[in-house]
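Listed next: structures, encoded as structure tokens.
Next come two complexes built around chain A: one with chain B, the other with chain C.
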Partner chain A sequence: MQLILDQITFSRSDFTLHAQGTFTPGVHLITGRVGSGKSTLGEIVGRALSPVSGTVRYDGISSSVLSMQFPEYHLTTTNLKDEILSWGRDPEPILETAGLIGRGGDDLLTLSRGELKRLHLACLITGRYDLMVLDEPFAGLDEEARYWISTHLDEHREGIIIIISHDVTTLPSIDQIWEMQDGVLTSIGHVSQALTTWTSAPPLIRYILNHDHELSGLSWHDLVEAVCRIHE
Partner chain B sequence: MQDPRVRLGAVLLLSIASFFSLAGALLTLFWWLVCTNRRTSFGSFRTAAVAFLRPVIAASATALSGGDGVSYLVRISVLLVIASWAYGERYPGELLDVSVWLFGRKWGFDLGLVGEMSLSSLEILSDEFRRTRIALQQKGQHLSASNLPPVITSMLVRQFRQARERAVILAIRGFRGGGSLCPSFVTSYADIAAGVFCAAIFAVSVIV
Partner chain C sequence: MIQINSVRHGFLSIPDLTISPGMVAITGPNGSGKTTLLEMIAGIITPPGSISIDGVDPRQVTVGWVGEFPDCNMIFTRVFDEIASPLRFVQQPCEEIDALVHGIAGLIGLTDQLDHPIRRLSGGQKVLAALAAALINRPEVLILDETDSHLDATTLNTVDSIIRSAAVPYLLFATHRPDRVARADRVIVLQDGRVLREGTPDEIYQETLSRTRDHLTPLRLLRNPELWRAVYATDP
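Our next item is the complex of A and B:
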């Protein structure tokens, strides 16, 4: 199973995106600055946008899902129970997972964005997909919910999972790092080898690497352990 | 066409010309072919087909009831083409620029601001609708009579919330009406020629 981006280009106004690479089973992180084209690439990979040129090949991928950045975009019903059913899931376990027990009949519009995001992600990541594209899955969530998502992704590592995020504080175990810079996708490499050569790493990672050369991964646990070593 | 004043003026005059006479509509179509880059905001054949469906139905009904359905269809279709062209050519801030240039920094600024916010809302609605279709696709569904009401309601509520957020931002920034803006425009010879041609079409259609 692999996802192949073959000389992909996409243009919108003054912005042009170029992407080339192969995504194999595992967890991939696509990071980069806001406006660098991460979400656009996510939509192309998630079959929501067609590239202007080049091809996206889904070898052995029979099911895929795209989680758009804002959970409101996914709403197609009026209450929580119907929304969960629209994903083909059992309402009670999802409500429990999302911390919304007893609110199945509530209007979706009464939920905060954080609650909506929890509900949406609970519906989505409890499904089985060959390819899962999560655009900023941690945005708008509290620490507990972020930790739950990362833990769940760590425990259910199936197929290709692409996490698009500029927040690197609560990630699951990442296999490969990619970076979008001004619309160009670059492979940084496999974690842990890539960490030492990642020149444009986010400030937190740079800080840890400067003080602790033993950082072996980007997961929440890896970062906590590294920071603890710094204090020692 | 670079100058939004010419473009908006042309839309106004050519819309009147097209609506009032078949000759005006045909001349307007000629003007669109000659004076523009023939770009429209119809992104696909399907979008264009949906846009032209209503005038086709209305024209058919008019023809069946003994009226001049063909004339109606041509005139309304040309109006749609001109409107779509103007929408496709716009750039952010042009309504504010033209409005301040036309009506001054008090009323002109307010009118331009309302226009810009309305256009921005239309763009957001269009984008949200596209994303909703993606969401439905992911769930293995299509837009239908059963899911259309919740989808539309959700989009409208989000628009209201966004309008409130914008109002709060304007209030926090101390907006009470009017604002300082020095609009600048680039006018090419082609713009002037297109404007003169457009005024001539308007005059001919009114006389005819």
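Our next item is the complex of A and C:
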């Protein structure tokens, strides 16, 4: 199973995106500045947009899902229980996971945006997909929800999971790091080698790398262990 | 001071809360009432009870607001018009508006974008345009409602430096990000519609850690304000 981006381009106004690369099974992190094209790439890979040129090949991928930043975009019903059923999930466990027990009959618009995102992600990541694209899955979520998502992704590492995020404080174990810069996708490499060459790493990662040479991964467990070593 | 007394709205209940001038982080679980509290302070919601900002009703105070997805709240097509809108709505003279828009656009770095449509801005530029519109009439209170959720560290540093130079008396921001909480003067933690605790970032962190140990304790080590001060001391 692999996802191949073969010289794809996409243009909108004066912005042009170029991407080339192969995504193999595992968890991939795509980072980059706001406006660098991360979400556009996610929408192309998630089949919501078509590239202007080049091809996206889904070798051996028979099911895929895209989680967009706006949880509102995913709504198809009016109350929580119906929304969960629309994903083909059992309402009670999902309501419990999302911290929304007893609210199955509530109107979806009575939820805060964070609660809506928790509900959406609880429905989405409990499914089994060959390709899962998660655009800023941690944005707007509290500690408990972040913990659950990260733990769930670590325990169910199936297929290709692409996480688009600039927030590196609650990541699951990452296999490959990619970066979007001014519309161009670059592979930083497998995490074990990439950490030492990742010059544009977020501030927390740069700090840890400057003080702890044993950092071997980007999961929050790896970061906690490194911080504990630094402060020993 | 922002003084809140005997306020109830839906599930949010605040018997007594005083907020001093400065940077105040509002944090807490999803659905705990962060946005509702900010809407009350901004005068968008007027619940029973008493809310005053330096002794004045919130509806008579100039408040700037930037949301999580600022472009969703923009009503004009052109960058200039969006930034100018708060002044146009109160019928300021055109020459004055023109000077103020160019002044703040220069400060924020959007001068070259003023005649462009909003949709042509990058995500970070849209946040900066919303910030310019929020700051242009010199608010006494600036509210950022999870504006940091989707921003990278570089864009956030730009936002921080703009806010510092604007010297707004009260900056209130809802956030889940530990690096943002660490930069606040005070932190208000909400839970289930109530103020769970209030204090400095270090006090809040120590109190959180000292509670019953649970599955989130290791993750909370990454919320240590001391860690984030060290991160930004070496990587400003």
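Everything below uses one rule, namely that the second predicted complex is superposed on the first by the 232 of 232 C-alpha atoms of A that agree within 3 Å, B and C clash if a C-alpha of one lies under 4 Å from a C-alpha of the other, contacts with A are read in each partner's own complex, and residues count from 1 in each chain.
Simple rule for what comes next: a residue touches a chain if its C-beta (ideal position, glycine included) is under 8 Å from a C-beta of that chain, and two chains touch if they have at least 3 such contacts.
The model shown is predicted, which means the values in this text are computed figures rather than measured ones.
K.L.:
Clash or fit: chain B and chain C on chain A?
P.N.:
When both complexes are placed onto chain A, chain B and chain C end up clashing with one another.
K.L.:
Could you say whether A:W87 touches chain B, chain C, both of them, or neither, answering first, second, both or neither?
P.N.:
After superposition on chain A, A:W87 lies in contact with chain B alone.
K.L.:
Which holds for A:T78: it touches chain B only (first), chain C only (second), both, or neither?
P.N.:
first
K.L.:
Classify the contacts of A:N210 with the two partner chains as first (chain B alone), second (chain C alone), both, or neither.
P.N.:
The second partner, chain C, only.
K.L.:
Which partner does A:L109 contact after superposing on A: first (chain B), second (chain C), both, neither?
P.N.:
The first partner, chain B, only.
K.L.:
Thinking of the overlay built on chain A, is A:I4 touched by chain B (first), by chain C (second), by both, or by neither?
P.N.:
A:I4 contacts neither chain B nor chain C.
K.L.:
Mind listing the chain A positions that touch chain B in their complex?
P.N.:
Residue list for chain A touching chain B: 43, 46, 48, 65-66, 68, 72-78, 86-88, 108-109.
K.L.:
Spell out the residues on chain A that touch chain C in their complex, using ranges where they run on.
P.N.:
Those in contact with chain C are residues 13-15, 32-36, 69-70, 99, 111-115, 117-118, 136, 139-147, 166-167, 169-170, 202-204, 206-207, 210, 220-221, 223-224, 227-228, 231.
K.L.:
In their shared complex, at which residues does chain C touch chain A?
P.N.:
28-31, 35, 68-69, 119-125, 127, 146, 149-155, 176-179, 215-216, 218-222, 224, 227-228, 230-232, 234-235
K.L.:
Spell out the residues on chain B that touch chain A in their complex, using ranges where they run on.
P.N.:
128, 131-132, 134-141, 147, 150-151, 153-154, 157-158
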